[in-house]
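Take a look at the structures listed below.
Below, subunit A partners subunit B and then partners subunit C, in two separate complexes.
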Partner chain A sequence: MADFGNFAIAIALTFCAFALFSLFYGARTGRRELVKSGERAVLAVFAFTTLAVVALEVLLLRSDFSIEYVASYSNRDLPIFYKMASLWGGQRGSLLFWSWILTGFTALVAFRNRQYAGKLVPYTLGILSITSAFFLIMNKFGANPFQQLVVDHGDGMQRVFTAKDGNGLNPLLQHPAMVIHPPMLYLGYVGFVVPFAFCMAALLTRELGAGWIKMARRWTLFAWIFLGTGILLGGRWAYVELGWGGYWAWDPVENASLMPWLTGTAFLHSVIVQERKNMLKVWNVSLILVTYLLAIFGTFLTRSGIVSSVHAFAQSSIGTYFLVFLIGISAFALYLVLTRLEFLKSDNQLDSYASREASFLFNNLVLLAACFAVFWGTLFPVFSELIQGEQVTVGAPFFNKINIPIAMFLLFLTGVGPLLAWRKTSWESMKHIFLWPVVIGVVTAIICIVGGIRSIYPVMSLSLSAFVLTTLVSEFNRGTRARMRNTGENAITALIGLVMTNKRRYGGYVTHLGFLLLIVGFTGQAFTTEGWGEVKQGDTFTIGKYDFACVSVQDISDPNYSGMSATLDVSSKGKKIARLSPEKRFYPASEQTTSEVRMHHTPLEDVYVVFANIKEDTEAAVIQVWINPLVSWVWLGGYVLVGGTIITLLPNRRERRIAKQKRSVEKLLEDAELVSK
Partner chain B sequence: MSGNAAGENGPFSAQALRARWLKARLVKSRRPGRFPGLRGALVFAVFMILAPAAFAQSAKTMLEDPALATRFNEVSDRLVCQCGCQMILRVCNHVNCPSAVPMRQSIEKQLLAGSTDDAIVQGFVDEYGMKVLSSPPATGFNLAAYVMPGFVLLIGLFIAGYVASRWSAKRKLVTASAAPVDVDPDMQKRIDDEIRMDKS
Partner chain C sequence: MKRQLRFAVGIGVILIAIAYFAFAGYQEGKAYYSTIDELSSMGPGADGRRLRVAGIVQPGSIVRDGKDVSFTLAQDDVHTLAVRYSGSQPVPDTFKDGSEAIVEGQRQHDGSFEADHIQAKCASKYEAEYGKDAQHPTDVDMNGGEAKTDAASGDSY
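Moving on, here comes the complex of A and B:
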């Protein structure tokens, strides 16, 4: 089966090389049959990469421990669900998974545009195939997941052997969120390759009109929402599984996923300015390129080990592959942009700083500043080691210090930007629009201060959130009333009609509402209460307003692990609200111990309980408790964010009708041509 | 009071977990075994050596004096666990962590002995180097870590301001209607247009 997988990758790579040649050469020379055969080759690349993935899954399910990857990331007792997820549990498998998604997206682009007769799509498929070829080369030569397990018996000779059992998947990864989180992230990362390909194809063909930007925007939105969902699921996993009371630690891996998401967000805003005002063409092209490079860079960052130490880079063979590819593609992209500047001329004109386009400009600036701060903080240890010869750590305190003010400014722009008019908003108009939001924001700040909040950022965050919420509500309110006046519909029908006739605008507002909820949720971290208690059966302790009574401490066992569990009754003001049983598990296969957190959720706070330890002198269970305010708002914000994006992605009835009419006209013209022949 | 002492007989003691692990291995050995030979023996030996320390992990601090507990949190927030997990020392909860547990024990001991926060942190810097700090000190080259993001934002603002002023020079002064009416005329027009287009 391993040979079959290897063979499938080799065939996929061969088809990829053929696709590259036939797509570029066919499009350049106008030989439609070559382009068609390139498109079919792209489908074949996907088919053979799928076979390679299937081969690895079969090896994992069969527990074939003659394969190094299977022996490293699976074991016999691992549940089937996690055995399948081991595909992305390690570096080699996850890179094959990357290739599979990328070749799938390439096939999807080819299939959806099979009727397209111009040059843009063949070039796009060609660019996608370049990235596919890079990853397939790595799958074949740099990080082959089908490599056999070998041992050195001390005589210098390496011999193939089959292990009797495997190391198992890291217990921390044995969680449903961790099964969904990496595919979501990969869909996001890989999704950003498609708009990049459209952009490069537009530069190569000099077809820099509205066509490519429309396709690039939809794919960016698609990638952006998957990456965002992946990031949130990662946070959810960290919160539930790691047991340290939080969901975001500014780890380099987390930062790597956040950076392209930030630049993608900037693009999704600035592209509106290009569509409406024919401005910022060079800027949008640059944002697409940067987002793509950051997506690849993120994979490089997490897979090369460069952040833990510059020396770790040399130990990882794939680091060199990535570095060469990144430099090569950056140089090529820069060359294309510089040589196509004359085709990227925009009608740049700004009537006022109090305009929608100016607010988008600031929004982009702030998002890029946030991205740079994350990039700089993540790579500063590398720079420090190179320049000072000494490693430093850049942890959460640094990122919080730098990024919280930036997030506040972004929140402010979220409230202001959408309400400003294109070209210019008069002072009178601004007074009319912003009076109530400002009043409510100030009142919220006063309530916060009177309520005892003395830190500046929580007060700012909550008052700005109130300001933004009021602007959003007033925008929906005014739109609904305008529609009611025109159609005579009731409020709910008018609201639904309002959203459905301009999904992009109002879906965007819903997304802003999600962002707002996220910020409120993040603010809750400023009010976390933490404590612990030592309990035996019948003992109690109190943290904040909650009392914890230990019902029992008992052993637990499972074929995959064994451990202990403490059962606690949680009550507040004498009323029982939950029974929680946090666990401490020991996984023999990987010789790791983990904490299984148990929580009681309310809309206002989470009671987060961890079985920390057994105190050996007293034999009491040590229970760590966090009272985390507003965490549910983070997850709710995530759902709203996804919901808003889905609304913007829904097909537009009007656009569909126009496209249908266009297709009918094209068919009529084709028929007429045939008749005349 | 320091609560990191390892006892002998707890159900979650090193012995109990070691026994549970051995039992698990015994059960597994009835099926085809794990990696044979030297590697397996080494893993077992390392586990036997590390186990007592590994399972004696504290729940962060067990200092009962609230002032000392607060200082413990502040000091451990300034440090990073050195096992490679890159987590802030206060929040690192790896049960098998050979770094966080002794570091936290050391902080507790030094706090009880009357050391200042800075002296405790400096002691760790002397032992592990600058990488033990959760944020680099704002001195020398490390100052660049703090200055650069702000500097880049300022440069960006300057460029954006310059570009915007150039674009403004080309502007055509068309002022949007601004009458403070119940519903914006602009919005009313847009909504009317949308409804008309939708119906057509």
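Moving on, here comes the complex of A and C:
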């Protein structure tokens, strides 16, 4: 099976090389049949990469521990579900998974554009194949998941052997969110390769009109939504599984996924300016490029461990592969942009601060600043070692200090930007649009201050949220009323009709609402209360307004693990609200301890309980408690954000009809050409 | 041109504000990485500076006291550092005898280390090598030879 997998990768790589040649050469010389066979080769690359993935899955399911990867990330007793998920449990497998998604996307682009006759798509497929080739080469040579387990008996001879049982998937990763989190992230990371390919193809062919921008925008939205979901799921997993009371720690791996998401967000906004005003062309091309590089860099950061342990850098063979590839692609892309600057000239200029363009400009500015800050902070240990010879890390305070004000500014722009007119908004209309939102924002701020909130950012965040919410509601309200007047529909039908006839605009508003909810959820962190208690049966302790009574502390066991559990009754003002049983588990297969967090959720706060440890002398359970306000709003905001983006992505009936007509005309022309030949 | 200048001013103001926040955050959050070896040869200059130290948790040295933990960090079995952790978060699950840990905090005058932040390297992010890790008994078919992998290259999920 391993040979089969290896062989499949080799064939995929061969087809990939052929596709590269025939697509570029065919498109350049205008030989359609060559381009056609290149497109077919792209499908074959996907087919053979799929076979390689299937081969690895079969090895995992069969628990074939003669394969190093299987022995490292699976074990006999692992449930089937997790055995399959071990495909992305470790570096080598997940890189194969990466290739599989990428070749899949490439095949999808080829299939969807099979009727396309121009140059843009063949070049796009060619660029995609370059990235595929890089990853397939790594799968074959740099990080081959089909490598056999070898053993050294101390005599320098390496012999193949089969382990009796595998190391097992890390128990912390044995969680449903963790099973879907990596695929989501990968769909996001890999998705950003497609807009990049369209962009490079447009630069190569000098077809820098509206065509590539449309494709790039849709694919960016697609990737953005998956990456965003992946990030949120990761946060959710950390919150539920890691037991430190939070969901975001500014860890290098988290930062790696946030960076392309930020630049992707910037692109999704600035692309509107290009569509409407033909401005910011160089900027947009650069954003796509940077997003792509950050996506690859994110994979690299996650996989090479350069930041967690700088010294591991030299040992990791894939680090060199990535570095060479990143530098090569950057140089190539930079060359393309610089040689085609004349095609990227802007048609318009900025006029006024009170304009939609200006709000987009500032949105992009701070998003990029946030991304740069995260980049700098994440790599600071590397930079400081290079420059000062001393490794310095910057912790969460650094990231928070920069990103909280930026988030506030973005929230402000979310309220203002969509309502401003293009070019210039008059003072009169500004007064008309913003009077109520400002009033409600100010009233909220006063309520917060009177209510006892004394720190600046929470007040600012809640007041701005109220401001933005009012602008959103008034927009929906205005549109729905107008539609009701025109069509005579009732309010709900009119609202749905409104959203469906202008999906981009109103889907965007829903996404903004999601962002607002996220920020409100993040604000809750400012009010976290924590504490701990040492309890035996019958003991009680109080944290905030909650009382905890220990019902029992007992041993637990399961075939997979053993451990202890503490049962606590949680009550508030004498009223019992929940019974929680946090556990401390020990998994013998992987020799790991895990804390099973238990929570009680309300819309306003989570009661988060962790079995921290057992006191050896008194045998009392040490229970750590967090009262986390507004965390549910984060997940809710995530759902709304995703929902809004899905609305935006829904196919437009009118667009589809036009595309269909265009295709049939093209077909006619093509046939006519054939006849004339 | 005047218009462009006006925007340049706005952009400049924002960038300066962000730079200020970055600097303030850096001052607050920076921690110097130091090995235990360097720490022991360092004079009193290290006191008061926020430090980040990595090492192996010496087996048998962990003493838990409520939610606080005292233990000894070791670097290549020669240099050791007595650490007391009393941060707000519970010690991570990956923290155990023989695991690799990174602590952040301050060195005390008596040479011990007071940490308010702790990370223990978990298998997902920093793959343990089989063989090398005595805590990991590996099943081996042939006369007790040890399995060897080069999976040290740092993994995550």
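Convention: the second predicted complex is superposed on the first by the 658 of 677 C-alpha atoms of A that agree within 3 Å, B and C clash if a C-alpha of one lies under 4 Å from a C-alpha of the other, contacts with A are read in each partner's own complex, and residues count from 1 in each chain.
FYI, contacts are C-beta pairs under 8 Å (C-beta built on N, C-alpha and C of every residue); 3 or more make two chains touch, one makes a residue touch a chain.
Keep in mind it's a predicted model, so treat the numbers as computed, not measured.
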{"item": "Superposition on subunit A - do subunit B and subunit C clash or fit", "value": "clash"}
{"item": "Partner chain in contact with A:432 - subunit B first, subunit C second, else both or neither", "value": "first"}
{"item": "Partner chain in contact with A:501 - subunit B first, subunit C second, else both or neither", "value": "first"}
{"item": "First (subunit B), second (subunit C), both or neither touched by A:564", "value": "first"}
{"item": "Partner chain in contact with A:590 - subunit B first, subunit C second, else both or neither", "value": "second"}
{"item": "Touched partner set for A:526, first subunit B, second subunit C, both or neither", "value": "neither"}
{"item": "Touching partner for A:164 - first (subunit B), second (subunit C), both, neither", "value": "both"}
{"item": "Which superposed partner A:337 touches (first subunit B, second subunit C, both, neither)", "value": "neither"}
{"item": "Which of subunit B and subunit C A:47 touches, first, second, both or neither", "value": "neither"}
{"item": "Partner chain in contact with A:88 - subunit B first, subunit C second, else both or neither", "value": "second"}
{"item": "8-16, 152-160 or 188-196: stretch of subunit B that collides with subunit C", "value": "152-160"}
{"item": "Contacts on subunit A seen with subunit B and repeated with subunit C across the two complexes", "value": "71, 163-165, 242-245, 308, 349-351, 353, 358, 361-362, 365, 369, 373, 376, 381, 390-398, 401-402, 406, 530, 532, 534, 591-595, 610, 612-613, 615-616, 622, 624"}
{"item": "Contact footprint of subunit A on subunit C as seen in their complex", "value": "3-4, 6-7, 10-11, 14-15, 17-18, 21-22, 24-26, 28-33, 52, 64, 66-67, 88-94, 96, 104, 117, 121-127, 130, 135-136, 138-143, 145-149, 151-157"}
{"item": "In the complex, subunit A residues that touch subunit C", "value": "68, 71-72, 88-91, 94, 149-154, 158-159, 161-165, 167, 170, 172-173, 178, 181-182, 242-245, 253, 302-305, 308-309, 312, 315-319, 349-351, 353, 358, 361-362, 365-366, 369, 373, 376, 381, 390-402, 405-406, 409, 530, 532, 534, 590-595, 610, 612-613, 615-616, 622, 624"}
{"item": "Residue ranges of subunit B touching subunit A (in the complex, touch as defined)", "value": "3, 5-13, 17, 20-21, 23-25, 28, 31-36, 43, 47, 54-60, 62, 77-78, 80, 84, 86-88, 91-93, 95-96, 129-136, 140-142, 144-146, 148-149, 152-153, 156-157, 160, 163-164, 166-168, 170-180, 182-184, 186-188, 191-192, 194-195, 197-198"}
{"item": "Complex contacts: residues of subunit A adjacent to subunit B", "value": "71, 76-77, 163-165, 242-246, 249, 251-252, 308, 348-353, 358, 361-362, 365, 368-369, 372-373, 376-377, 380-381, 384, 387-388, 390-398, 401-402, 406, 421, 423-429, 431-433, 478-479, 481-483, 485-487, 497-498, 501-502, 530, 532, 534, 553, 555, 562-564, 584, 586, 588-589, 591-595, 610, 612-619, 621-624, 653-654"}
